[in-house]
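Chain naming follows the written order as A, B, C and D, and within any one chain the residues start at number 1.
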Amino acid sequence: MINVGIIGATGYAGNELVRLLTGHKEVRIIWYGSRSYADARYADIYRNLFEITDEFCRGDHMEELISEADVIFTATPQGFLAGVLTEEMLGKTKIIDLSADFRIKNVNVYEKWYKIEHKSPQFIEEAVYGLCEVNREHIKGARLIANPGCYTTCSILTAYPLVKEGLIDPDTLIIDAKSGTSGAGRGAKLANLFCEVNENIKAYGVTNHRHTPEIEEQLGYAAGKEIVLNFTPHLVPMNRGILVTEYASLKKKPDGSLPSYEELKAVYDKYYKNETFVRVLEKDVCPETKWVEGSNYVDVNFMIDERTGRVVMMGALDNLVKGAAGQAVQNMNLLFGLDETEGLRLVPIFP
Amino acid sequence: MINVGIIGATGYAGNELVRLLTGHKEVRIIWYGSRSYADARYADIYRNLFEITDEFCRGDHMEELISEADVIFTATPQGFLAGVLTEEMLGKTKIIDLSADFRIKNVNVYEKWYKIEHKSPQFIEEAVYGLCEVNREHIKGARLIANPGCYTTCSILTAYPLVKEGLIDPDTLIIDAKSGTSGAGRGAKLANLFCEVNENIKAYGVTNHRHTPEIEEQLGYAAGKEIVLNFTPHLVPMNRGILVTEYASLKKKPDGSLPSYEELKAVYDKYYKNETFVRVLEKDVCPETKWVEGSNYVDVNFMIDERTGRVVMMGALDNLVKGAAGQAVQNMNLLFGLDETEGLRLVPIFP
Amino acid sequence: MINVGIIGATGYAGNELVRLLTGHKEVRIIWYGSRSYADARYADIYRNLFEITDEFCRGDHMEELISEADVIFTATPQGFLAGVLTEEMLGKTKIIDLSADFRIKNVNVYEKWYKIEHKSPQFIEEAVYGLCEVNREHIKGARLIANPGCYTTCSILTAYPLVKEGLIDPDTLIIDAKSGTSGAGRGAKLANLFCEVNENIKAYGVTNHRHTPEIEEQLGYAAGKEIVLNFTPHLVPMNRGILVTEYASLKKKPDGSLPSYEELKAVYDKYYKNETFVRVLEKDVCPETKWVEGSNYVDVNFMIDERTGRVVMMGALDNLVKGAAGQAVQNMNLLFGLDETEGLRLVPIFP
Amino acid sequence: MINVGIIGATGYAGNELVRLLTGHKEVRIIWYGSRSYADARYADIYRNLFEITDEFCRGDHMEELISEADVIFTATPQGFLAGVLTEEMLGKTKIIDLSADFRIKNVNVYEKWYKIEHKSPQFIEEAVYGLCEVNREHIKGARLIANPGCYTTCSILTAYPLVKEGLIDPDTLIIDAKSGTSGAGRGAKLANLFCEVNENIKAYGVTNHRHTPEIEEQLGYAAGKEIVLNFTPHLVPMNRGILVTEYASLKKKPDGSLPSYEELKAVYDKYYKNETFVRVLEKDVCPETKWVEGSNYVDVNFMIDERTGRVVMMGALDNLVKGAAGQAVQNMNLLFGLDETEGLRLVPIFP
């Protein structure tokens, strides 16, 4: 059995880790870390776990945790892990970080967008960006995984094949994203009250959302050059789910024509046909968040607009699963040489 | 492996059966029955199953189904099973009926409340009412299980210990129930449109809802006498979940005092302490549907009102799991001598 | 023009007062009082008012307010008005209090249920309970109006005719109430976050909700004797609306029979036929909150259960209108001799 | 008093017309037309109108209607009005058409996108496109108004000033739109059931939604040339509201720099400062649908992305008010020389 510790177990992503790991047959959760609820019984904070776990939340006792855990998930605010990470920790345990601390290679970019100082930039180079479908082989041997953001996972996987194969002009890429409210976390903020979110939709973080440079960096690797793009998130009155709608100009073929549906479909299939968790939908079927809810799937598809010469790419995932805890477990499975789908063979729940 | 057939696989309860059985390690679904969608690919109707099953829906071919299936789930409209059931079928396969056809022992009561003629009353006597926590031993050897209704399961389990032990006056029992909208099915009816249900709550079936006699019959067995009660369902703008709030006068003790919290708690524990799927919450904690969503749990609790001498009992479950498909799988596990929790050890999904 | 001041203008009820009074042709709002947002522009807090009002919020300057306002609405926390009220204030201005401070005549009952000391009990006797349909004539000459609570208004008006005419046994009365989330106010509390409320329903305040004694007192006046009853509120995932479902045993007629539908309907009509804002629905039609949303209407109806001898009474209103701001405006209209419906002739908004 | 007839009074837009016109002091509704509910009492179909109107729905009696009505609103399916319109009708009454029949000047474009034959193309030229803020003077003398679509109104008004003044490259314009579900109408379709829409978001009509050519035509007039653009609508789990997020490349100034916030703001103010119903929000404030719900306002704003050289424009309105019935009433006010805001001075309802 793998001994797992969770720091930040009482956030929504933390609770989702508990849900998934409870159903994972190779794992034992030995640490429910939570500063806010230290010494409270976990099932009193998250009553879905009532009579399933009797464990109590633990405050900061990093030494003890490191010595007991084979892997630690940090579902913590930005800056936490960078503030405590040491070489000793990485020598004793593996770390899968659900925060953004080690996602961005250029520390200046990180500090500019997150507006905090990075306390341990020496580990950035080593950290592996844990987008399993893209970085699988690098993940396997890593000590430190930077688990991708929810918007980011959806945005990248949706466009990746066409960017990678050079079929679209990456400078024309516009990502319009829509998220359920659990992405905003469990903090008691006025803007996230039921009456403020329900029956409402709005954009936020327009032109300056923190996931932008992460998307640009990763798609830049695929494109083989630096790119800038527009990323606009929206808050949608639902608990879970992210939908992205992405627009880009198709590169014309030498004869001046646009690539065909079949040509683009073949490219998507090239990258995703053997991927369990990426489902390329059939022609003309648009992804919907409901069809992936509670599962680790990403549903993607695209449509060609002959009139404007653009392709509209769409992707849907559950922000707490493939967008956070599920992908983290997928990374753990890779780290420990387990079946990549262990604990993640969950059929989406409908309705 | 147990070969399972589902008739009515394209209703919401049918899809939930598919979800649960897909994760059940002793089972293979061999038949996705659906009149409405005969010959359609199942994953085209329920896209959560895309790339998980490639099977097609089957119309009515009862002979073939009976010969192949070890057990058949009928998630069908009232009257369907009663119209086709034969001794030959029961000789070849087991049947778990999610409709009301064989739940009520008195055929006159059935015909009066459901306003249809019962076509095979000769099987009513044999059918076992599949409320696992109450009828476990009878279920094990049965050929025909009448799987309880969603409102019914919640209403009965919430009050059962106090009725059974004679601590409340059953003639004072009033059940006020609230249900998510999936209980209304997937039929395209104006009353179930998003804009009609959302931001709205209403009672319906007041004084005449069909689940009333089923609750009365089962609680009558517990009480040892016939009882009549008020049952009022309400439609709530959420997908899943049933909450019942039940009111009854407590019987006074010989000294004229009311029973204490501890005394009532002991009675609940007597019946449910060893039940995996019934969770008696701690003092003063009210059940909420969200904490059981997607799982087979029922959360119950009670509060004593010293001022009025009544007890307020509360119960919450997921109408598609413990209220339908989950309980049906639990019954199947009992029928086939499997671990009762196989395929049902799902942590509730939150939020 | 009547000069109106609002203390507590930045709560949901305060904003609803602003909405209604902005459309009231005899009124000018001269004071947007708010401690939390003192000196902020009102339209920055409530952007529905953008370009409609340019006024700024005012902190506590009671002297100035009293000298300028013809009437003050206090949409404030419990205890605020009782803490500041003076004879001088009542000599200079009228006060319509949306809090509970002056609703309950017995100060001991108030202090027990609200768990705060009442600072000005000397004004309780004078205060008029502002349930317009019941106390219209007393309201007209009052200086201090105790505007009823949202649950209370709905609960009382739904049962009032049958209690007043002695057709039900008031000791059997059970009120099961369901409320939208705006009733919980705009405070940033975890329990009111979107993800905690959405897709969820729960009871709360079971056996001890503060509106209980208010309902008991007012229905006790109608019954001509003290009564105790069960009142159980529930939180529903919608913004606005309260639905109550009330159960009581009908008194039998001398011949042992139950009263007929027509007899009960005649009683409802006796009290409400001439009431603009109470709509007695037609036979078998159940009230729904959506049909009154945004308006000052209460929809009520009842159904007789011959089997149990009980009547099920139902009522629906918008908790922010007839349950708070709308009723307060109705009271103001009565106080100033205006048409009772001025500013309140709003057609419910659907969907 | 103006005598108003409504054909299609039992759709959501029809009911909204009834709500608004009931509060309009210069108007009397004399005709509630509805094929589906002919001879039913209107308040039985829309119970928000209970005790407000006792009128019955009328089937097709065009002769009678024309002779009695001063103006007819047609809230009917595509093709209806084109199928019945005659010169005689236009001689006797004014018509405000909420369908798309007369919105598009090129009949071939109409027939291609709507896939129906246009039965009275001879009236297309005369019809005035009823976008009040753009076509006010033409509307005043018209006999036939083509009331704009909901997506269209929001999409055009959001981008209009920058397109009109040539500050953006219209060929780069991408419109990502999100709509509440009332836009889908009151038809009983599976896709619009509560359980299918709730907790879900999806794109639909990708690359081929019918509102596309209408937006292109109108913005083309502003641009002074034909344009093609991408328009992608999404279905959001809320009753009312449309939000559009629009992306376009800013034209650089002669010195190669981008225009400043102040320069773009001045352009928006030039067109909207005196418009009652268009509110240009303050810097950095994003429109939200909730802040305009139930009202005739459109809230618009924009943000410049210096990194990509694009401007992100946003707009929000209530699809049933400014997107349908409210704009229709605004057109009626213009047609009859009334105050343009009569019946429309409704404060948005929050929450």
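The criterion applied here is as follows: contacts are C-beta pairs under 8 Å (C-beta built on N, C-alpha and C of every residue); 3 or more make two chains touch, one makes a residue touch a chain.
A quick note: this is a predicted structure, and the numbers were derived from the prediction, not measured.
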Enumerate, in label order, the chains that touch subunit C and subunit D alike. A, B
Using the touch rule from the top, work out which pair, A-B or A-C, shares more C-beta pairs. A-B
Taking each chain's centre as the mean of its CA atoms, the one lying farthest from the centre of subunit A is chain C
Averaged over CA atoms, how far is the centre of subunit A from the centre of subunit C? Could you give it in whole Å? 46
When centres are defined as mean Cα positions, the distance from subunit A to subunit D in whole Å is 38
Just give me the whole-number Å value for how far the CA centre of subunit A lies from that of subunit B. 37
Contacts with two or more other chains, residues of subunit D listed in rising order: 12, 182, 195-196, 198-199, 237-240, 288, 290, 293, 351
Complex interface listing, subunit A residues touching subunit B: 12, 15, 18-19, 22-23, 46-52, 182, 199, 239-240, 279, 281, 285, 288, 290-295, 299, 345-351
Can you name the residues of subunit D that touch subunit B in the complex? 12, 181-182, 186, 188-190, 192-199, 237-239
Give every residue of subunit D touching subunit A within the complex, in rising order. 174, 176, 178, 180, 195-196, 198-204, 206-207, 228-230, 232, 234, 236-241, 243, 245, 247, 286-290, 293, 303-305, 307-308, 310, 312, 314, 316, 351
